[in-house]
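These are the structures, in structure tokens.
In the two assemblies presented below, subunit A is common to both, partnered first by subunit B and then by subunit C.
== the complex of A and B ==
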């Protein structure tokens, strides 16, 4: 563990150099992920008729502004990266290093966060200048809880994609399979619509699934749609999903690596 | 340093008939076939040895290397490298070995090689001062200075391969697995790589296991040759022993008037001379006849080129296999 801690500054430095090398591609990629802004405009029009599921126009705009931020800060592309590296044999290079490949992947993904923040800051600042009423200062406890919840949301995203990518040890391509998951996630995580727009019975089930902990929960905490006291058990649920997914991943990885063909490398 | 006992690797590969019908059939019933890549190899390599691991394409060389570096789990048998079971991939094992693949690279394509060196320092948890010393040594030996800070994608193949070697040796591994390290390189760079590997082995006492199709690599670097074909070990010994066993003939080269050699089955050797390979027992009669016809000719008698010996060795191995 101390070896990993010692390695992190250099890993971040090199990883960031990589992100900077691909800055144009990365910027375009970030800017194209603007579905929350489209949803903002759409729901804004709907809420003009009157509050939707308790959200008025300002609240719905704040919800999707927070969604844009959380989505960007929890975004990972592991399923495509790992899938390619397993199939092409490039994973071998990671396997030959004394640091676990999944930790190497995690660092590769995390280093994009500061870069994303740099791109996002002016975008969100412009939004707040245009509509200052969207800003609502969260309580200090909410801020702390948001940071924890955001880190856990990132972890769940990473682990889910690692689980799907691990299937590549057995089948040729798993990104199609992940597409099915992604469709479910878009609908059930709060990405397209807040969970409050679902019937109450459905909402009670949905908050128990991992999707909500991947996006909806940190969004609700940041936008002050949930009180810190009510959010705490759900953060606990995020921890639960992290443990479950990490266990599943450990089993899959252990079995998968025995099947790894190291083809072409 | 390396011990392999009855090492075996079987790949299960999917099979599909061509065309739409084949595709549909493969959905309903997935057909697979077992391919034996390595079939019970026994191998012992002492610390500091340099061995050439040879065989035709598909012989099982790279699969063996991948098992010895822990990338592949053996289907059966066992192996130990530097005191570790490779497939456990213990961090100390990974610090003790390196694998350089001529056709695959670890360098980051759009960044200078120095960034990969820095990355490896972090991943191998290397002491900063020691890492700096090693980098300086490798930069000097491999003459990397002029292009060290250029993005890897802008380097020539030779420059890239030298950076690749440096990146692979930063942690000063005790065992070097080199899989066709000179493939595609020009003659001068090939010689640089060979000189470097030899110097590194002699200076640091590292064990070197080399696969190559280039016999110059083998003659320059390997003290011992191991031949594998169809997954089975066919020969293990020195180059001299290989010549004795498979090089049954001697090569006679004559520099002189080719017309005078008519009827003696000499063929052009490609450099203005005439050559013929004969059994050792036939050398004297042929030489006497040549000198009778061309008393002032320049005549040399040598072992046949290693390529010829290996072709014979591979062919014999395949015959044994089909007979067995």
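== the complex of A and C ==
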């Protein structure tokens, strides 16, 4: 354990150097997440005649600006990475190192967060200069809760993708299967519309599903759409999903790695 | 040239049929993608009767046209993009250039992705529902819509070929197409939703509005000759421009051995 802790700073340095080496590619990836801006334009047009589901135009803009930020900071591309490494046998290199491969993957993904922040900060700063009314200072407790909720959202994203990627120990391609999950996620997480615009019965079900904890909840906390006190049980639900997914992943990984016969192994 | 095209189509369909297990997943993804496109429309119109003068069937019409474009582009054009990028990098484009047919036809039709037949089905469903729920369009409206649809297809093919051409000059452009797709996502909605300068971008730079909003305007009978002229001009410009860029890129190509 202490050996892992000692190796982590170097792992982070190497990972970040990797991100910087492919900076142009990474920047294009960041720019591809345009959907929050498109949905912002749409809902802005809807709210032009008066508030929708309690959101006026300023709140709509704040909601989708927060969505853009949270989407970037919780972004993970593990399914494609792991799929490729299992199929090509490159996973063997990770297995040789005295550290669990999933920790190595986690570091590889998390080092993109500082890079994303560097790209996003001027964009969001320009947005706030242009429309200062979007800024609403959250309470200190909300800020603390947002950081916790964001970290949990990242973890759920990572674990879900790891679970889907683990299927490739048994079948050839799992990115298609993940596409199904992704379509459901974009529909139900608050990515295309705030959950408040859904019918009430649907909203009550949706907040219980893992999708809300992957995006909607941190967005609502950051934009002050939910009071910290009301958000706390939801954060608890995020922890629940992290535990469930981690358990599923542990079982899948153990069974899968036994089946794994890499090239040359 | 038609013979070449049909032969290529048959070959790539045979290749795609080898992966039957993907069929079910493709179907499920197709259904969910359609739902993900329809759900925001349902959500928006549960709050409002119209947005900016567009009714629910009219907005669905735009979404249906987007699916049609997606089926054509992702099913017929896009599968080739990745291959050409790789062929340029490895030099195997030589084999294409040696064949006694126009290389642009060969690279544009080498592969077909039948997974996008689901997009076609979604397009037919959405278009069928929306047109039957709208005032029946006049013959002139339908004619204008058909012309705009064709020039929109030509324009979108053109921008994709231009994206292919960049691979002759830069090595890693495989994620450029994801950027292109994410921008065309804006075409799912009526153009009026966006700010003026974005509208201009969506007509002239990434001309997705020509294939979605323009034919929809024609079918709802709110088009003008200048709209028709703009659409046709954009289509021709992209077709001619991309052909020219393709020629220039081929001249730049130095093959693997040189």
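Worth pointing out:
Please note the rule applied: the second predicted complex is superposed on the first by the 263 of 265 C-alpha atoms of A that agree within 3 Å, B and C clash if a C-alpha of one lies under 4 Å from a C-alpha of the other, contacts with A are read in each partner's own complex, and residues count from 1 in each chain.
Just so it is clear, contacts are C-beta pairs under 8 Å (C-beta built on N, C-alpha and C of every residue); 3 or more make two chains touch, one makes a residue touch a chain.
Fair warning: this is a prediction, and the values are worked out from it, not measured in the lab.
In the overlay built on the shared chain, the residue A:246 is in contact with neither subunit B nor subunit C.
When the two structures are aligned on the shared chain, A:39 is found in touch with subunit C, with no touch to subunit B. Contacts of A:98 after superposition on the shared chain: subunit B is touched, whereas subunit C is not. By the touch criterion defined above, A:187 reaches subunit C but does not reach subunit B.
Shared-chain residue A:6: touches subunit B; no touch with subunit C. Within subunit A, not a single residue is touched by subunit B in the first complex and by subunit C in the second.
Residue ranges on subunit B touching subunit A, taken from their complex, read 11, 66, 69-73, 89, 91-92, 94-95, 97-99, 101, 104, 106, 108, 110-111, 115-116, 118-125, 151. Interface of subunit A with subunit C (complex): residues 24-25, 28-29, 31-35, 38-39, 41-46, 48-49, 52-53, 171-173, 176-177, 179-180, 183-184, 186-187, 192-193, 197-199. Across the complex, subunit B is touched by residues 3, 6-11, 13-14, 17-18, 21-22, 89-90, 92-93, 95-99, 104, 257-258, 260-262, 264-265 of subunit A. By the touch rule above, subunit C contacts subunit A in their complex via residues 21-22, 25-26, 28-29, 32-33, 35-36, 39-40, 43-44, 46-48, 51-52, 172, 175-176, 178-179, 181-183, 185-186, 188-189, 192-195, 198.
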